[in-house]
Structure formats: C-alpha cells, structure tokens
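Below, chain A partners chain B and then partners chain C, in two separate complexes.
Then we have the complex of A and B:
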C-alpha cells in the first residue's frame, strides 16, 4: 500500500516550498514521505501531530511537512519536544534529527529524553557525516571512513545508538534503511503507537560528501549497498525472546531462546534492521505525570 | 488464474520537482524509464509497467507517480499546488 505522491504532497506537505533544498538523490525525501504515510495510516489528524527538528539537512524537514512544526536550535529538538509533549500530552510529537544533531551536539538531550521515557517518536537519520556544513566526521562515521576532517580515514570508534537507547531506557528501538521504504513506513507507524520514547534510526545516504570521499558511488549504488550491509532481524525470534519457549509441562524450565539466537550474531558484520528491542508495558512520562497530579489532588481533597 | 493486463498504468512526471537524480531509473525492475539528455526520466516503455511503484517509493522529491486505473488515494493537480502562493 502506497499513497499517491501527489496526494502526500497535497495533504501532508507544503508544496509551495518545493522543490526541496536537499541534494538530488538524498534519502531525506524518502524519510519525509514515510513519516507522512505513517501519520496517514495511523489515522491521525495532521493538526494533532507536531514535528520538531533541529539544525542540519534533516532540520529542513519541518519546513516542508505540513504538521505543527518547530524548527529549533542545534541538538535541542528533544528538549523542545519534551516541553511540547508535557504541555499537550494528546499530541503526537515526531522529532526528526540527524546523526550529528542527535548524538554529538544534542547527545545530552537525547539521553535525558530517553531516560524520562517521554512519549516522543524520534527519527534519527544516520548518514555517517555532517552534511550541511561540508562533510566533517560525525559520531557515527565508521572506522576508516574518509571525511573532510579525517582525510586519511576516521580512527574514532563510532557511537552505538542502539546500546545507548537500551541503557538510557527508551521504550522502542528500530532500525530501517531508506532502501527498504515499505519497512521504513511500517516501523515509523509502529513507533508512533508506542507509549514512551520510540526511536527509529534510519540509515541514509550522503553520496555527495561521504559517498564521494569514500568512492561509494552515486545515490542508487549507495542505497543498493545497504541491502548487503544490513540484515533483517527475525521478528519471530524477537517475540520468542519476550516470551521464551517452554517445554510442555508447566514446571519445566523456560528455554532461553534469546541467548541461543545471539550466538554467531556478533560475528556478523552486517547491521541488523527491523525492531531491535521493545520494552513491554512501558508508559509515557506525560501520562504518568498527569496521573500523579490527579492522584495528589484527590488525596488532598 | 488472473491475467496481468499490461499497459493500463500511467506514469506522471513532474518536471518542476524532479532533480534528475536517477533513482527511479535505477530502481525500475521492468526498464520502463530511460534518462533523457539532461538525466530526467522518460517513460518510454510504459507498456511494460507493472505498478510496483518502486520509482514512486524511492523518489525523494515526489516528482513521479504511477497511476493505476483505481488509485489508492486521490490524484492531486501538482503544478497548481506548487504555484499556489
């Protein structure tokens, strides 16, 4: 199921602002299309959806999407979005950030939004480089990746956002690529239904800066290489890890399938895509906060 | 058994939005689209189109769309949308 592009343009975007300032072939347009479709398929009113963005190529997205939009300071999009969600807990808040925006400049804000488990849908577009400012190394530049600040190859260890989200307490983490567009739409759609902080990392391409400096080819070649660089996580095994298989009798020990499937995975150089983890029974900070206020008021009365 | 009718789909190209990135041409599994001299796609072999929408899904600029006989959603008039100020 795919909405017609002209329908998305009319209903969920601001066509007067088009064409976008993004480079030809940039994956950000695909991400924007997926967000618009996810909002449509969730049946949300676009006047009840807010998009918050920071600075960077991704930050431009709030200018093109026809939701309630906030274009905020560099890296502080989760902080602004936290305030918005606390003031309007009924609103679906989507935060779009780039990798440098979310992990280096706004790393602190992202960690604390995840710690509070506030009900935001964060879309982190990861293209491994600072695109807008001319191709400097970002926190996710892979080891050996040539950038304009690491001409002979980056030797820093890239940041692992997945482990950070798990440790900080995010409710949902999924990874998608701009190549698998239907999966990207479905994962954003699912993340928007999570109560709590849902993070979708989107592996995107910067063929103009990172691709050219590392001889990765044009946009279509970079997108096609995502097919080999990622592997799909098995959703059945993920469900079994949440509810481990049992032998037939009730008193018998549960078989820890999650540890069994993890064997050999760490040797796989490919990055997993799909739902990486989901914290069941998670509850949004804003709804917990308002419930607490109500309880206090009732106790006083 | 259903027989897939060929040549019933239309492709709309919006030249004002297109940036000639070539993604639609690269992704078309049926070789419907061909680049012209400037790199813009031309639907030269439209009769081969099978409505997979790979071009439409991968277009970052919303510049191409496949129109089946019964579209999933409405078709809007894109040129008038862009120039409405």
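Then we have the complex of A and C:
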C-alpha cells in the first residue's frame, strides 16, 4: 500500500490568484478542495494533472488550482479536454463545468465526450442557476423555481443529466453534494480511477441568487436541505443499479434510471447520491486509439 | 495531386501530428487524407461533433505539445471563430485551413468563392492580430501550409490558410521538397519558477511549454498578465496589447510574401490572389500581346496586408484592377492604400463561377482606353 503524505490544501492552490471571485458560502470552494484531495489521495503528480474548465463561476476554478490549467470558452471544456487527452493520454484530465456550461451551451460536447468514452473526469457543479451573469434560469432550474429570467417561476422541464449520461455511454456516474464532503472526495477519487468518461454531478448552492429568489435561506440552510432532499444509495442497490448496464449490450442505452435505481425497494422522492452507475469493461478512447497506433506500427515493421 | 491533398501533405511535412475536424464540402478531402496519413506517422486524427469542438480540440492538443490543425469551409469557419479568438488571446499555435465556398449561409456549397477574406481577418470578436496565407496553386497549397505551421509556432498564433475551391479541387503537378524547413517549438530555457508563459516582450514570444512538464501555468481567454492570470488592470492590458500587436508588426518582413510579374514598366497593375491570380496572370499575358503594359501583384500573405508594397505600387502605376470572387473585399483595402494616387476598380463575381482571363482582359482594355 502506498503511504500518503498528509493532505495540505495549500499545496494544490495558487495563492497568487486569490482571493477568489466566489461569494462567501459558495459550494465551489468545497468542490475545489475535494478535487485537490482526490488528486492527493490517488497519489498523482500535479505536473501530470490538467484541469480544464468552461465559463461561469465554476469556470474560474482552474485559475486557483495548481495544475496545468486551461480556462476555455463557454461550454467547450470537454472538447478542449478531448484534444489535450488525445495529445497526452498519460495525463489525468479533470473537466469542471457548471450546469449551464455543461448541459446548455456545451450539451453537444458533453454528449459526444461521453459517447466517445474518452478518459476524462468531469465534475459538473449543479446549482440550478446561472450565477456569474446574475441568476438566470439554467437547464436544471426546477419547475417553479424563480430566477431573474423567470420571475414567476420556471415552467421548463429540467434536464436529467443522469439519464443523458447513461444513454450517451458514460463509463461512470456519481452524484454528491457539497454538504457531504467526505463522500464527494471519495467519489471524485473513484471517478479518477475509471478508464473512460467519468462524471460526478455535485449538487451545490447559490444562496446569493437562487436561494434568495426562492427563499431557501443562507448557505448553511441550503446545505442542510441537501441532506433532506437526497439519500445515499444502498450499496446493494448500487450493484443492482449497475446490473441493467451489464445485461444490455455494451453499446446500447441502459434501462431507464427510475427502474435501475429503485429496483426492489419502494420509490423514494429523494434524489440518490453515491455511485449511480458504472459501466463495466469500459476502456478509455485515448488508450484504445494509441493501442491502434501501436498495432499499425507493428504491422508496418 | 489536388490542392486539398497538397495541404494535407504539407501539414504532415510540417510536423502536424493532430487533426480534429468535421466534414464539410469542399474541404473534406483534407480530413479524409489525414485520417489515413496521421496514424501512419503516429499522429492523432479525430472527427469531432462540430467545428466548434474541432477548433477547441486542436487548441487542447497544441497545449499538449502537438502541432495541430483543422480544415473547414465557410459555415464551419464561422463556427470556429469563437475558439479561434481563444487561440489568438492565449497565444496557442495552430493552423486552420479554410476552403472558401460561396456564402452567405449554406450558399453554394460546391462552388468556389473568395468571400471569407474579411472573415479571416475580423471573424472573431475584438481587435486581434492574425496571419492569413492564400495559395494560388497546388504547389503553393503545399508550401504555404508548411509555412503556416512555421509561422504559427514562431509567433504563437493561429494561422489561417485561406484556400478557395478552385485551388483545393484543382489537380496539377507539384514538386515536393524532400525536407521542407520546419520550425519546432522550443522548450523554455528558464526554470519553472522564472517562466512567464505569456511574457510581454517587444516583438517576441515566450516559448510555449507543453502541459505535463514541470511548468504548471494557467491558460485563459480572459485578458491576462505575463503569468496567465486574469487581470482588469488597464496598464497591464495595454502592455498586453502592445505585446500582441508588436509580435506581428515587428516581423512583417518575414511574414509578408508576395510575387510581382511585369510590374516594372506597367501602367496597369492587377492585384489578385488565390485561384483568381491564375486568371489574372493569363490576362496580363493577353494584355501584353495587345500592347497594353499590365502587370500582376499577387499577395501570398493576405493578412497582415502588404500595405507598404501596395502604397508603393499605387505610386508607380496609373490604375489598379482587383479581380476577386467576392463583391470587392480586398478592393476596398487597395483603395484605402492607394489613397487616390491610382484609380482602383474591381472585377467581381460571387456566383460560383471563376473569373476568366477574358473578363479581366476586358477590364484592362476598358481602363487602358480611358487612360489613352
């Protein structure tokens, strides 16, 4: 077993870039700290880790974390990261995106990164609102949620990222909240060990905009409600949740999420957190590509 | 070989080892050829979900240390503009080959045009330096593609190879040099602590360390300081601008290329580029046969525009004719530089058909009668 030095967050940050642009109480600091811990406990060399981000409050994270960092254009982070990973398949590439960044403007890139099953660790910080631009509706704003572009409540149906990830072919999907930090760290750590596209959705809070507009209280109250509105998925159930994926052919979309996660138990309105699914036998696209190159080289020799 | 093939081979010869693209007529052959050629040389070919992603991927790969390119045509070129600007702002070398077809919109997808000259210059938002090369033959498609990679590496900027469908689809004989001159990316000489990835040097650029070495730095499309961190300090931003413009302006002698034919005694100069320059060259021959002293100025670098040479030319000749397969995009530039010293007019069409030597000759004869 590899002996780990104790984790010192500062070693993974860039003090010269501080203070952050984030509001006090924002979940993004927690997410950044969890990513740093995950990198640390996986024993990775910072020089060989890249963080690619898009635009928005979440996008700013790459400026503060001490890796090879790339702060890209809005929604395009998975495409930049795909290029980087294909050029440097040995590198651990973490992509951090917000909900609007990943599911709205960058939806197509996310879908195709998942379809290709390229070896990226995607962390999607979902706070159901556009924060940096001032609280507009996002693709995950719940029906009825008030935003600065839906003053009387959103009436659009929110995106189900989990189902999308299953259908598109992601290798791994986990959900965490910024209120359960140990689990968040563990899930990112686990996602980083996946060969293929691994996605961790992190439920976070924007108490300053969404919280205020919907009377959800301050940061601590919003985090408390994450406790009430989510449930940790039962480990036995986890295996069952993964089962439908094994039963279907490797390329086909899995059974709908409602049947997958709730098999054998009563329906629960709370959102599950933990590992939601993991596709077995997954192999990173970049490693498959380079294996093909080697094969071609051998055939020529 | 045809122009698209020459561009693909030029890319390989220049050391391009990463291509990301999305199929679009009339540039698709470049992707098809590179999908076979790149794996042969240990390189990466990836077909992306769209042109936005293609442009993004080549920037990511370039940061990973590979020389990278994409190819597209009008509508795809429009989609690339956002991330093209990112590459400009963050000084990431890469090459974009745009095979022009008739626009706007879906336009005439299989027909040749030169309507993207201004888009190549100003397509992305905000002021920005850019280098754009225009081949007028298959040979030049090869040579200028190699040159595009060299300039991209040297000046840490995206370089656009602006072909038109005439050159791209034309088949002719080419002579490929065994080993073209290739500029490779140097590693920084200084320690990671002292490294400034975006150093503001008068007329120079810092070496770009690939990701994955000990140089961990930040790359952003936000305007940034020498270390790459975002800044809103007007003083730093104005130093950034000086750096961005001087790195090109200080090297115009190296960047600008053009060819002149029979201009020494010419009264009428043609200014033509790309596929149209071929018809213009022939029109010069026809005009000379009829006793009219015409000559040809053919830019190979269209942006930055050869301003000094054009001013001089306008002082030398009485009339300048600018034939181009658009409604007069470069004519306006020539007019501006001529400043009234030479009369400038265009021969234009954007209906998908090539401008013929006879059309240009007719324009030459018309102005030569006016002069007489």
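Worth a mention:
The rule is short, and it goes like this: the second predicted complex is superposed on the first by the 265 of 301 C-alpha atoms of A that agree within 3 Å, B and C clash if a C-alpha of one lies under 4 Å from a C-alpha of the other, contacts with A are read in each partner's own complex, and residues count from 1 in each chain.
Just so it is clear, a residue touches a chain if its C-beta (ideal position, glycine included) is under 8 Å from a C-beta of that chain, and two chains touch if they have at least 3 such contacts.
Note that the structure is a prediction, hence the values are computed from the model and not measured.
In the superposed pair of complexes, A:150 makes contact with neither chain B nor chain C.
Contact with chain C, but none with chain B, is seen for A:91 once the two complexes are overlaid on the shared chain.
When both complexes are overlaid on chain A, the residue A:16 reaches chain B and chain C alike. When the two structures are aligned on the shared chain, A:70 is found in touch with chain C, with no touch to chain B. Of the two partner chains, chain C is the only one touched by A:80; chain B is not. In the superposition on chain A, contact of A:47 is made with chain C only, not with chain B. In the three-chain superposition model, chain A touches both chain B and chain C at residues 16. Residues 14, 16-17, 46-48, 50, 52, 62-63, 66-73, 76, 79-88, 90-91, 108-109, 111-112, 289, 292-293, 296-297, 300 of chain A are the ones touching chain C in the complex. Of all the residues in chain B, the ones that touch chain A in their complex are 12, 14, 16-17, 19-23, 26-27, 53, 56-65, 67, 71-78, 81-85. Chain A makes touch with chain B in their complex at residues 1-10, 13, 15-16, 18-20, 22-30, 33, 181-182, 218-220, 223-224.
Listing the residues of chain C that touch chain A in their complex gives 18, 20, 39-40, 42, 44, 46, 48-50, 52-54, 56-66, 68, 82-83, 86, 210-214, 216-222, 227, 229-230.
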